[in-house]
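Both of the next two complexes hold chain A, though its partner changes from chain B to chain C.
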Partner chain A sequence: MEKVILDVADLTTKYITRFGEDIYAVDHVSLRVEDGKSLGIAGESGCGKSTLALSLMGYYFPPLHYTGGEIIIDGHNISGMKPDDVRKSILGREIAYIPQAAMNALNPTQKIIHFIEDVVQAHDPTTSKQEIYTMAKALFESLGLPAEVLQKYPVELSGGMKQRTVIAISVILRPQVLIADEPSSALDVTSQKMVIKMLRNLMDNGYIKAMIFITHELPLLYNVTDDIMVMYAGQIVERASSKEAVFDPLHPYSKGLMGSIIVPEEGLRDVKLAAIPGVPPNLKNPPPGCRFAPRCKFARAACTAASVPLRELENGRSYRCILSEEELREAYAREDRQHGR
Partner chain B sequence: MKGYRKYFLNKLLWFLVTLVAAFILNFILPRLMPGDPVAAIVSRLAQGMSNTAGIQAIYEQYAEQFGTNRPMYEQFLLYMRNVFQGDFGFSFSQYPRTVADVIRSSILWTIGLQFPAIIVGWLIGNSLGALAAYRRGSFDKVIMPISIFMSNLPAFGMAVVLLVIFGVSLRWFPTSGGYGFDLIPNFSLKFFWSVFVHYQLPFWSIVLITIGGQAIGMRSMAIYELNADYVKYSRFMGIKDRKIVRYVFRNAMLPQITGLALSVGTMVGGALVAEIIFSYPGLGSTILTAVLGQDYPLISATTLIITIMVLAANFAIEMVYGILDPRIKAAQAD
Partner chain C sequence: MAAERKLCLSGKGVTKVFGLGRNKTVAVDNVDFNFYEGEVISLVGESGSGKTTLAKMLLGLINPTEGEIYFQGEKRDLSSHRKKKEYWKSIQAIFQDPFSSFNIFNKIDTVLLDCIRMRGGGGLPYEQKVAMMTEACSFVNLKFAELTNKYPFELSGGQQQRLMIARIFLLKPKILLADEPTSMIDACSRATILDMLMQLRDEIGMTPIFITHDIGLAYYVSDTVYIMEKGKFVESGSADEVILRPKGAYTKRLINDVPKIYEEWDLSTV
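Right, the complex of A and B next:
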């Protein structure tokens, strides 16, 4: 088995609102990513994907608070560390982040190179500007970005170029783990492709050891990541290899999610699009038992009686449902027959 | 640098256009006021005279001397020629002093009072606003209401309040003048001390008014910037708060600089009122006497000088802005 780079156990974080209410946006999430692997996190908007990304970095500022669990990066437990230490020795160096709106992620009145200087010197103040320039130039060129970008202000760059610049800056300190939060959602298709290519390049050439890719676009995940984790209402509802998750989802929510998008792959061409009825629950008062039960076609009385644990299958897959694998497959087959497919 | 030169030339052109327009308005507006200033002077001189023909002769002589008997456009051309030679003519109300002489004795008081006051007020206001945005909590809750209250006080209101509290009730500071009326301007320590003491109330009345508005503006800009995506990203790349706060305040400061350029005219107007209330020997008091005495040449000259000062301040602020905000250069270079 490969070395585990990112090992997260039972991570729970919450938002405390202005009115003092607790909202558990990440609820007992456990995951591990091995060396050279990438994990995709999918789900509807508001299901806790981005909060999970923020929580994984071990650096919390209000309204987000840590309540429990462990985050271990390359054998190094960061969950008990002081925020200032996390910032100095972990962020950017061990784990780096590409924000959702990279368009605005750069200070508009600062040249790119000056921001890179600040990033590098925040971790090692002894590095000279000349060294940083040489380092940044080499990195940018190896990633296919022109070195002139360094001397420019963010306004002088196009959207796609800005996004790729942010990605390059994120890996300047060679972090072990890269978390990309919807890095391509705001871009046109051509720029998206370049961003995806760049991220794969980072993995393939060892700039980073593990990647977490968050998106609501499932087809993208299938193409980029090794495994996919589906989140619903702050919890993991299914984890499987990308192929299984897209073509053979087990959890009714994953099934619905995959059924509600167009995937231009063989076998999915003629499938009718189906939407999942209803909206995700309000996490202030999550529904009892299975959180998906109120929207689930196959829900029964037992679903809401007690909270449902994750079921582990032999091949490393897991899903959160009271129905067994066989029962679920049978239910899906019955559905298909009803619709005459 | 090419972008900056273009920006500079563009601003310079606008500066000149505004100056010409202001110059014309400065000439015309006082002359549209009802009443005849020459008649006022003559009636003063002719008190007790009963010879109508004699009064008529005096009137015509003054009308000729001041040029008020000529058509408006001719007066304007004459005025323009004279102004370019630095000659603003005689003051009607303080005749036989020349306008240049009157202004020379008051302009330094105004410059010495207003520019330091506005700059100090701007700096204090912005620092308080930035601090309120960054610290939040009780500091913010105290600073904000006070700022809102102060920024809504009219300039004369603040001046009167300070005058009553510190001048009349507490008697800490003198209530009027630029220096003790028993002193003759000289380079003695006593004279400087007197100037310093007389300076305090008008100075702080302008500073306090400026602080309020600036603090409110800076606070909201800084709160907006503190929530910007680049702040979050910088944090997640491990950059220290001290550095991030520097980014934020530099960026939040930019609209405040524009705001200063936009409001410098209003501020100077308010400050002139403060001068009048404290009988400060600056341009504000000069304008008041000029308006009361229908002293066209003096009104035109003072308003012209104030206009030039405000425009020049504006121009200087815009130049600084062009240097501080790289987006200006980038936009112009296209």
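Right, the complex of A and C next:
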């Protein structure tokens, strides 16, 4: 068994709105990422993916509040720490975060090397600029970025290059865990591929030990991560290996999500895309019982009676549904027959 | 079959140049195209390839520097505002960002009433207008009764995009330009939006033109695909031909760079 790098148990965080309402955007989420593994998080917008990312790195600034649960990064418990302490000792060293519009985070009046000096000296003020330059140059070259980038201003770089630069800066202190929140969704396909290649490179060469990759683009997740976790309305609804999650999803929501994949491959034109009817629930007052029940084709009375626990299967998969694996498979098979597939 | 096809939009030598002298940028470079009625067209290209500039020229929002655009075989005349308004009855657009597509001061019923007025239904009795609006809303699975007193920004992205389609349903244009219609909404609402657009095409007989960088989407919806690179069409043809059996190096690279699920995704090419 590999060493567990990131261990999260029952993490719950909420937003408190201006009117004092509580919105539980991350609701009892438990996850484990082992050494050398990557975990993908998929789901609709508003399902709590990005909030989970912020919560994992202890970034609790109002309106986001920590309510319970534990986050252990490589034996180091960071749950309940003050955001300022987290920034000083955890961010960058233990956990690094690449936000969605990372490339806009670069100050246009500073050269790239300045950001690196900033990051390194914030953690260790004794490092000299010469040392930092040597370190940065080595890192950039090993990641396939030209060293000239260091002396350039952000405006001189293309979008994809900026994004890759930000990723390189984020791993300069060799964090254990990298959280990438839609790092490539603003880029076109070629730059996206370069970003993905770089992330894979980081994993393979041991710059980071574990990665969490958040996106709603499932083909991308399938190609990048080992495991996929599907979130719905703040809860985990399914966790499985990438292959199982894409080709053999169990939860009805995952099934709908996977049915909406379009890739330019033969035969796609004859397939009718599955669409999930309805809209995600309002988290101010989530529906009782299974949160997906109002949109679910297989919903029954028992679904809304009590909250549904996450079922664990032997092979490490888990899903949140009252139906058993066999019942679900049977239901899907019946549906396929109805549609003549 | 080919003889029966009617031209709806065509262009000859369409060029758009931004800037002057040293700063000159040729956004669209001498392109010729023939879009026929009833077929679904996709313009595919990376960012900066000029596809949105071309869309703006087709819409008549900007004028081409050189070349002519023909509408239903006749030279398009947009010399006065009245003529432009007349032209916009037959060509409409859906944009990428549903959040900024609506006038924030107008309530949803105003948005839809405007569409009815544009089609010459301004003088109809109010009950009939309500019936029309309700029909349009139910087409896109929205409930008109719940929307009347709301503003567009109170709806979610997917709902706003559907409201946009309800507008199109009322306007019944000949051509619909959909500029990245699904890139800002979720994968699962995407299928709904695309299905609605295709249903609309069958119902009111319009010609959709998709402008996208999502090759999967282009392959799924379109009959004819045009690939744009640096302001030029580098490859065009039926979707199967262009996307499954690409000929040009650029097209091959573009398609190769899309993440696949059934085939191995080769990362070594970049």
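Note that in this section the second predicted complex is superposed on the first by the 332 of 341 C-alpha atoms of A that agree within 3 Å, B and C clash if a C-alpha of one lies under 4 Å from a C-alpha of the other, contacts with A are read in each partner's own complex, and residues count from 1 in each chain.
Here is the rule we use: contacts are C-beta pairs under 8 Å (C-beta built on N, C-alpha and C of every residue); 3 or more make two chains touch, one makes a residue touch a chain.
Please read all numbers here as calculations on a predicted model, not as lab measurements.
Engineer: Between chain B (first) and chain C (second), which, if any, makes contact with A:His65: first, second, both or neither?
Structural biologist: Touch partners of A:His65: none, neither chain B nor chain C.
Engineer: Tell me which partner A:Asn104 touches in the superposition: chain B (first), chain C (second), both or neither.
Structural biologist: first
Engineer: Per the contact definition in the header, classify A:His28: touching chain B only (first), chain C only (second), both, or neither.
Structural biologist: Neither partner.
Engineer: In the superposed arrangement, does A:Leu257 touch chain B (first), chain C (second), both or neither?
Structural biologist: Once the two structures are laid over each other on A, A:Leu257 reaches chain C alone.
Engineer: Quick check on the superposed pair: does A:Ser170 touch chain B, chain C, both, or neither? Answer first, second, both or neither.
Structural biologist: A:Ser170: touches chain B, not chain C.
Engineer: Considering only the defined contacts, which chain A positions touch chain B in the complex?
Structural biologist: For this pair, the touching residues of chain A are 57, 59, 61, 87-88, 90-93, 96-97, 99, 101-111, 115, 118-119, 122-123, 153, 155-156, 166, 169-170.
Engineer: Can you check the complex and tell me which residues of chain A touch chain C?
Structural biologist: 44-46, 159, 188-190, 192-194, 196-197, 200, 216-220, 222-223, 246, 256-257, 259-266, 268-269, 273-277, 279
Engineer: Under the touch definition given earlier, write down the residues of chain C that touch chain A in their complex.
Structural biologist: 46-47, 141, 156-159, 185-192, 194-195, 213-220, 239-240, 243-244, 253-255, 257-263, 265, 267, 269-270
Engineer: Considering only the defined contacts, which chain B positions touch chain A in the complex?
Structural biologist: 228-230, 232-240, 243, 247, 250-251, 254, 324-327, 330-331
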